[in-house]
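I have a structure I would like to understand better, so I am pasting it below and will then ask my questions one at a time.
Note that the chains are named A, B, C and D in the order they appear, and that numbering of residues resets to 1 at the start of each chain.
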């Protein structure tokens, strides 16, 4: 079956122009003007619309046992929300407990997602311990198509890796040719500052930022730059939030460290005053690193436009406000971390980035799709519109307006950090490998539509 | 007439794969596997070869009355040399004397090149004075399709512009939506240091570097970053040569200055020890900014790979050693500046960059072709391989080896800075808008093949 | 005649302790406990008071024809105000017009001050032009005991020096062994921004900061760092106001530039919101560089404490609000620049620095007295308390409280930028070379008490 | 008994001039010209000599069980060597094993030194573990007069402290008002790099630098800057060796971290090529951080002169070459670390600093004596020449020349890193609290002359 998308403004990371896009089978077969309609092809008129490559979220947590709670989305609900927001591929974090061997832990994530996902997906393999068994176990996971690692410098008692593990995991990553994504915050500083804040009665959400100030993140980034420099391993900084951390990352890059940088849509549009609201309302805005002072927003937008920051993710981690965030009512350190945003990333980027002149449409594709595909080995199968690429396409109505709200959003979580915000621009129609899965803003696909994507390490 | 290039490794700045490329008329009409051969198409077998988009040199001087001499190439010889080196488009510097009005000066460059060029070309419009007439004159030049300016901070008595002119030209550039290319060296420091060196009898080529140390260039870059930041004009630093200057440029970029950076093939493979040879031999290696300490090479290669530096040019300015460089035999300040390299850029980048693992093939296309097209408004007509793009293609034999030498090089200059260097990789066949102009390493086109490229400013 | 100051807390830049100080003739003859009282000595009981070395203001403008007005103080009124504020030596700027030769201009400053000053004084010799006569003229001035230059990068049409003059003046300064004090703001940026602001109707005092944003000052500092680095001349940055400028200065220092840094009491306690008040009130707060965003205050206090900034001056330049500042009522560029503070520096530093824990008493002496003496060749004759040093002493009552006000201040100017501010600490008694010139907060000396201080250049 | 030193050039950190110095009892009682000779005073003629305050070494290891060996000096031999080199006070590192409680460990150092030392001494208290008992134990040590801590980030299995201990120790230090001296190298990077180097057969001394490259030290410094910034504890970086580490320290200082910096005489005059000599000769030059590339020397000399680095120490740790260094013959990680220099510091600083124009005599006093006294609470009792200060004086013959050699040096170690170097300048006579202990270059004092110096914390 074929699909012809007519007359849209086709936008990739380095070009835009009105054209037709023909999809045959699972892939794009032609881009051109006045393409002939194959027999039996469905024809969609995209006049006045944008045609984007499917967006890619490099950083989500669907299955996430964390801080005494489970994130609320399932692979079905999470990936459906992704699609409705224009995201056709996610990289989910596989974060096995240290109690299990990596391969075993990985199997759990594979099993939970298998047949459940509505969009395509891959994993970053969490390296939450590193011992003599690890190299063998991790090679097996990489061999199964998971060509990236994830390491936490924070959360030392749960998922975090110490310096020895960090060094050895990076050496292994270098050898295997996999990129390592790293959460950069110094674990001990956090726990000590938390302890001190609680001791003086600062127990509310406002103390969260104080327990993880910018210097804690900058310290993590500097630390990673040193380790990556000495091991010569390519690394990817997840959720960079502030000027101080950016400066350390770019100093590393200038010294020759092979580093890519991710920020989050949350840091671009929200700021720490939200977490400092009176009462417990601020708990909705507790994530790590924390929302920062507003002055960082302009710095991050500039960095995205200039190519200093490579990607925009969500770090989607949905915990209900009513009962899960509430676990930390008397102790901010117990508030499950995360601000759900999986379906909101693209409309927010379009509204606050493109429409406000902070980024071009091509920048949008570059930072929300193409760069992730390139960094993590999916390009040009994903991340662009060219013959042979997967026919993951988003027909985007740039004029549509709607309001973000927990009442209507497709994520399985009881609040929205963007409650009542009006956005402009909507993923009207979305295709996944040639099949229409969102039509007129409604999901028309099924769990299992989404495939697990096997990726090759660069050393392979 | 059509041309089908079969089975080459088609490389763009973000993809590579074996495919056929079909050119019809002046443009690429299809890329695919097993494309059908149109009737009367010429078929070239590119098995085992690379197929690159035509390379673009963002910075050449063909017509150049300078320092009492005329650069030796004509538009015919220079652009033929370009083609033989795989370069299908050049940006030549139009540097009119201050004695003439800009439009008049520009007409001279247009007249000299018209009908003479073997490859396509555009100009950067030199703003060598700025007075009340300038805005009107420069608008007219931009209106004729020259959507970029060139400003010299150096050479204050000849081409250089003072601070007031710099500010006003950048404001005009911002308004018009044109990018301004800037030679960043502080003019006064150079003239004072020259004066002092000559006064103590340091008259030989080795003093050239001493008269323009890295700090002189870093000063120029910092100065430009300030002016560009305050005028909000997009700028392009030409021929960045060293760590100190790079650091200033990147600090500007982090502060939000819209800046792109060019380095030269010369800085990547040559160093200042060459200009310090005994006798007058060093004069061959006199250019500005000067060749630097070798430690800068690794820094520049890293910066290219990491996207911190955007393009690689030649600043091609050919002055004969025997009689022109000789003008400075008793006074290094009179040595015409320039190291010819127009035909050598791509083989040197391939040999010393790609083959030594310092850059990928995609990096080569990105920095030696695509980025220039993007920055200066030619993308995707130039700089990539896609349907609708100009059929400027280079079939590159990665195994070919040959030796660079003044005896054999196509540039009209009596010496080679790379005399006797063996390179690997050669532009075997080159097409210009669908016509074969280099076949089997020989030029088979004619003067006049090359067109003047009209570019739109971004504000248009 | 002898003077014995008993039992005060004697504070120098590196020590403090209760002791007696004996002055004989013009100098300190002994420091000790329970010193014997010489016959006929006057004895002052300083129990519970501090005994400081006389404070030194490295940067004042007493005689100042500027921007169409004359600063209002005379050498009599200005130096009396200095003494009443605890300052016993000032460095006044000798800024001759370009119309006169340096020696001639210098004679005017000498003549106006001769016999008029109540405290000791020296000059920084303004180099406002540099031509073939300059070296000879300036050597003569230096030979007369003025071992420091002052250069303006701003005010290009009046006092400013271009790059050539800057380079040559610094080379001369290096040769002579004199320190060059430099006003670091890029002149052209200011004039261009002023022109643009006026053109769009921004004529009020609030536009002053916009015409000289931090980047304009940082540019000036970077420029000076380059020139000082290449000429190897020791330099002194006057009135550094902000983080951006400090960063450039410290980068220079790390590269080996011999640079000392001055900030002003105004930048430590006032901020730009004052110049942005509605109406014309803001004109009182117009000086250059402008008052900055409040965030800079903490940075400057830290820098003082850490030895990153060396001195605190006033840049005292008193223009009456009623008629002089008023010249700029319709055009902020015509507001005479300056915020008078000569008598307020020490009480403000004590109140906002020492009493708020931002600096120690020793830091106060170091930054408001000793460092200036050291940098400009007066140490240990001035700037400390030791046998043989000039008996310039301040008996300071740390508990005294009073209110700053134009109604009561000793400066000859009709407004106070600190109107109604309460300060704590007062120069109760002040001696100048052994004579009591302020007693119980009242001036008891006469014009002519103050001497012109001849200084030796370090190369002498 | 009194001592009158006549007519020497008396040099302190901020003054110099010919004067007499009178000592009565243990202290200086007067400085002046033509002082009267008290009855029974010994008079020393210092005409043509310098009179310095006794030099202070902020960092030595006399009693040091380390890496399987014991440093060879005893308190008697070490402190005698100090005196013969002009050093009258040392700060020795008290580094108790983790097996013992701090107070108990401290008692061992006290007992070994009691009655043995020829010069005065204090300790930095090594915090080699931090548990619930530590605050109480450490308070007791501080209460005994040891107002500074020492922490190792390196040597994690022996003396090193982890992040939690570091944070808590700094908080305690902040509370108590003690400065913490820190060895800044990342422990894990060292052990991992050592492991890898040994694994590929790099077992010789040359590998030592490779196992601790500059980035390992810069990482340690950045880490400390973060922890010190967040705990607001004053810190002191010991033995800073290179540009990369200096840059991190100064960035911290600019952010407001209260940090002081020490370098070593070894880094100023030796470089890593010495440790890279063939065979095992390089073992003599193994210390940590390692000797660096020669380019760092100019950077450190500049930093000392500019006040960016505060002190020059020796980190004296004497291990015999013949049998102790030899422990690492087959494994560089087993070479006991240290380059003895206790008696060589001042002559080397004088010869390579003062005589080569890299520092003034006042800089010498500032960096080798006064600053240490100030930072660690001994000023002005030690570190300067003023009435009331301890009469620790060095009459220095600036013309004396001699040759450094293991055959003649007073340190108890069988080799000299400076074998055969000629130096100029010698401590001819040295007094300790008013008694002559070195006369004409010979030690004439006895063990027990030196006292343990009790210091008050600043919060006391």
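As a working rule, a residue touches a chain if its C-beta (ideal position, glycine included) is under 8 Å from a C-beta of that chain, and two chains touch if they have at least 3 such contacts.
All values derive from a computational prediction rather than experimental measurement.
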| item | value |
| --- | --- |
| Reference subunit C; chain at largest CA-centroid distance | A |
| Where subunit A and subunit D are represented by their mean Cα positions, the distance between them in whole Å | 51 |
| Approximate Å spacing (C-alpha centroids) for the pair subunit A, subunit B | 39 |
| Geometric centre distance via CA averages, subunit D-subunit B, whole Å | 55 |
| Subunit A, residues touching no fewer than two other chains | none |
| Arrangement of touching chains [line / ring / star / complete / other] | ring |
| Touch relationships between chains, expressed as pairs | A-B, A-D, B-C, C-D |
| Footprint of subunit B on subunit A - complex, ascending | 13-15, 17, 31-32, 246-247, 250, 253-254, 256, 258, 298-299, 302-303, 306-308, 370, 374, 379-380, 384, 386-388 |
| Partner subunit B, residues of subunit C touching it in the complex | 162-164, 166-168, 186-189, 191-193, 213, 215-216, 218-219, 222-223, 226-227, 229-230 |
